[in-house]
């Protein structure tokens, strides 16, 4: 099932957004314009976008610390995302969350979690509300190969399978958890773990091919939407940069040849060529798209620069929804 | 590999100990002689003893709330166990633990856990110390079908497999977690979950046959001892009594025919007959053994009756090993 | 009005909440079989009145034993339209889901700049004094008081249990209710009609002039008994205040009382260090220091785990006698003046 | 003696402990690559001094991201002959293993009547004030103080960090060490030889006569700065006490000081409600009431989660100015007498 040209072009557009957004953000962090730290999805764009494009607007997702790609892949406006990374009042979370905790309820992004694995049952809960309220929506949980060793994933898979909840568990296997090679701490194959719960466990060997990811994600999403319950999809991919920007490790935990192999399979370059080969677009159209996205990024940075820093009193807002008087506020 | 006659006779002896100990304890609880509550292993004796007999004296085990069978199966003296249930100073835990928290370090029983699943990594830790210190011992973790849905089990399996630790995960599948049928909350087959971690997952369909359990347990224990890592063994069995003594549920959550089927396969009756058929023992020998164990139980109760209640000050002992002065002790 | 037990009042509140709003669902271990007595007609399952029959299996669900996923699923469901009540049975099992309580329930609304609301209720019962030993006897509510974003409720009577649970379900923020099993059988006049009891409003259980006794959860009846005791034996008039909710806490009622009485005792079943009693003592010595005429005493469980043996466990909790002794001490006729060394010896 | 940073002192203590006793092992996420800087020659991996090369992969191990199993495995290993040090990196991740800390580490020895000892050290770092937002900025040590059976250590200087960690490894009971990342870079004279600092012994960082300031973790340097400030601007002499360990707590040193000064401020980075400051205030008003001349003030983080934006986060923690203001208030020349209404207004 080949997606329409429009869909394929949108895939490339979103992958470009992630790539250029993260490249810009990395520069800004280095220049001290973004506080704290950020984790880029550079190299993993096909895995993120292939999965997100399988979702409809009403569908929900919850993610992790490597958080920019998920809302962008789901269609978030870039300005408020960039403003959030900088800590501005115009940030999508009003400057309260920052990079690891992006959320954009306008597009169904329920929230990224800086605590690995912690958001997995949140996505299951969104699937439960859909089932109980009879709303036609699916949720997707993004987590890494490292988080896949957290027990809460298996509790969540078991619960979702027992209740036939419309949720997709999507493992972003970039082969490493920070400095730790997956093979050294992960026994067996993550996607094989689905079998023990009687649900489909799908392995996408080539996570750099956005169409392969999209196809696997669509199958899982359709199954969920049809009321047949959850699936576990494991996508093999690679991050091109260090775990987090600014992190300096003197230990070479990644093999140069391995890295070279994956870098040579850059998802944007691959799909750009494919679009041209398929006659979906020509070189000129691609150049135009790249310019268009570059402009979007500039706009996003402008938006962020134009946004003021939050007022101090906002630090004391949004803890509770109901009116609440805090003891000993300082 | 048929075990020796001595081993087979010891199996029947230990199964009898569990049966008679629990029957007596249940009576004592009903008569108010045992406070709190107890969970009997009546009906599950083959599953418990078949597993424990695969262990050597130095080997360790950690269990759960259904706790009497594990130390008895490992060879504990009955007196201190009974005294513990009553809350006497002579109890194996000096009256501090009670039924759900038996531990007998003399036989390698590291402790039962009233919190389901919580003791699983404790057994993994005992396997780690064996590996690091180069001690030739294996540990076994006992947990139920309900606890098998706790994430900590999969974290523990993954860690033990990654480190090739000498531990056996033994699931006591008695088909129910309190009032909840396993099939309604457990997706897939528990033993199949091992595959996702690249370790053996063994299903013992007939957990009422002590030799079948013993054989599967021995294979897993030998594998662990040989340094090849953990195994997951799931034993199908059934509890003949209510989840806990004194618990009165008006909802019939267990089907009468199902219960009848399992009761008809009483592990003690089955093995008694088998011992006679195999010519390992005759009727007279069996009667003698039953009388001998009945006497052991009487002795255990006598031991408990003779033991004083702990002194109040002992409530303030054993929190810490190092000398410690408590603020505001009352 | 009718006489109702504490546990029946919880069941009644759950029934009302389920009937009133389809977004309310209940899940937890063994709730379908009404094992803990709050999801049926009564502790024994009456043909009618059974929640499964009344509300259906979509809205009342047994869960696997997986507290972390259970709690996280409830949070996610609350963020997307439901108003779940999660029955965690024993308070000891909350620890399994600690990450979800602290990192998700308490933080999501704040981290996301107010995009989400998390209307979810987590019920658990403090089974203490029942010889179930350390794995089934915890009173862990103080540690949740240290987590901003959660609300902490500790009902001490049937009518409060019902009205506070309804308010909890109405709350648009996560609420943890800690029920006191020793009070499950206690009866009180309860209104069969719907009503709410607001959070942050203490209940003055007994008025008095000489000393303020703030009593929490299972210690409320003990404090009332102690108050009667010192009244008859020593003519001491003790005021007994039940805060009912610890987050938010009704500091005004407590401070006003201490400003009148000049003396304060706080009694609770939790461990002593960093308990609710410590917080209340700290608030009072900050904000009503001028009024204090005597040391503030805490009557709590000591910093000790709970032993199984009845002869040992009995020693560990506050009793009416211990509370009465503390009251007597701070009210001893010895006048307290800043330079009276005797006072130092009080506790 | 040599100048050493707080983080280097931790690394030095770990190296000493590993070299001294083969039963000591270290595991946690990314410890092999020395990501957090305490398992190598320095933050950058020096060819020699690297723990993996020095002690081998059996004794220093990367774990999967599975805190619950990691902590439980360490407890089980400690119960059977090892003395593990578990590096949990951020204190926010302790919640994942809460059940293991509370139901296993704190209770096993007690429940089993003393059959087991559990010599295990759990290290975690409180990364706050660094714009990492609510999921990476918690200071959760107070909730562990409410759990009998655990020891809670909060080093505030390089020499203390080294000596307390050695004592923790020697301890036959579970110890949780909460390191303050804001202090990681702070240098102090540290003895390169082995030494221990006993638990339960506070360190008087500055002697004074007018007011006692109990400062915890990252607040110690702030309190010292505040003390200098009030000394020069107001001639107030403040005594600054660092308890160093919160369980056990050196109440004697604190009480003796308050009995001299008559005034107490407690400052800590944790949330206010049920924090260590509340406990210390409660102990003092129980046991040294007669000496108190002014309300006891707490300077803590408010009951609020931690926002990301630097302009917001900065507002939330204690500062030298806030501490100085509190000191000034309680030392205001207004004489405090029991019937002076002004006092009520102090906080």
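A, B, C and D are the chain letters, set down in written order, and residue numbers restart from 1 in every chain.
Heads up, the rule we're going with is that a contact is a pair of C-beta atoms (placed from the backbone, for glycine too) under 8 Å apart; a residue touches a chain by one contact, two chains touch by 3 or more.
From a predicted model like this one, the values you see are computed outputs, not experimental measurements.
Student: Looking at C-alpha means, what's the farthest chain from chain A?
Tutor: Taking each chain's C-alpha mean as its centre, the farthest from chain A is B.
Student: If I count C-beta pairs in contact for every pair of chains, which pair wins?
Tutor: So the chains sharing the most C-beta contacts are C-D.
Student: Based only on mean CA positions, could you tell me how far chain C sits from chain D in angstrom?
Tutor: That pair's centroid distance is 30 Å.
Student: Using the average of all C-alpha atoms in each chain as its centre, how far is it in Å between chain A and chain B?
Tutor: Their C-alpha centroids are separated by 45 Å.
Student: Cα centroid separation between chain A and chain C, in whole Å?
Tutor: Roughly 40 Å separates the two chain centres.
Student: List, in ascending order, every residue of chain A touching at least 2 other chains.
Tutor: Residues 91, 93, 95-97, 101, 113, 115, 118, 149-152, 155, 158-159, 162, 184-186, 319, 327.
Student: By the touch rule stated above, which residues of chain C touch at least two different other chains?
Tutor: Residue numbers touching two or more other chains: 63-64, 66, 68-69, 92, 96, 99, 103, 110-111, 133-135, 148-149, 273, 298, 302-305, 307-308.
Student: Inside the complex, what are the residues of chain C that reach chain A?
Tutor: Touching chain A: residues 23, 25, 58-59, 61, 63-64, 66, 68-82, 99-100, 103-104, 108-119, 148-149, 151, 171-173, 200, 248-249, 251, 283 of chain C.
Student: Show which residues of chain B lie in contact with chain D when the two form their complex.
Tutor: Result: residues 60, 62, 91-97, 101, 103-105, 110-111, 113, 115, 118-133, 135, 139, 151-152, 155-156, 158-159, 162-163, 317-322, 324-325, 327 of chain B touch chain D.
Student: For the complex, which residues does chain A have touching chain D?
Tutor: 35-37, 84, 87-88, 91, 93, 95-101, 113-118, 146-147, 149-151, 177-180, 184-186, 247-251, 253, 309-310, 312, 314-316, 319, 326-330
Student: What residues on chain A touch chain B, complex-wise?
Tutor: Checking each residue of chain A against chain B gives 149-155, 157-159, 161-162, 184-190, 192-199, 201.
Student: Quick one: which bits of chain C touch chain B in the complex? Just the residue numbers, please.
Tutor: These residues of chain C touch chain B: 29-30, 32-35, 44-45, 62-66, 68-69, 92-93, 96, 130-136, 272-273, 298, 300, 302-305, 307-313, 315-316, 322.
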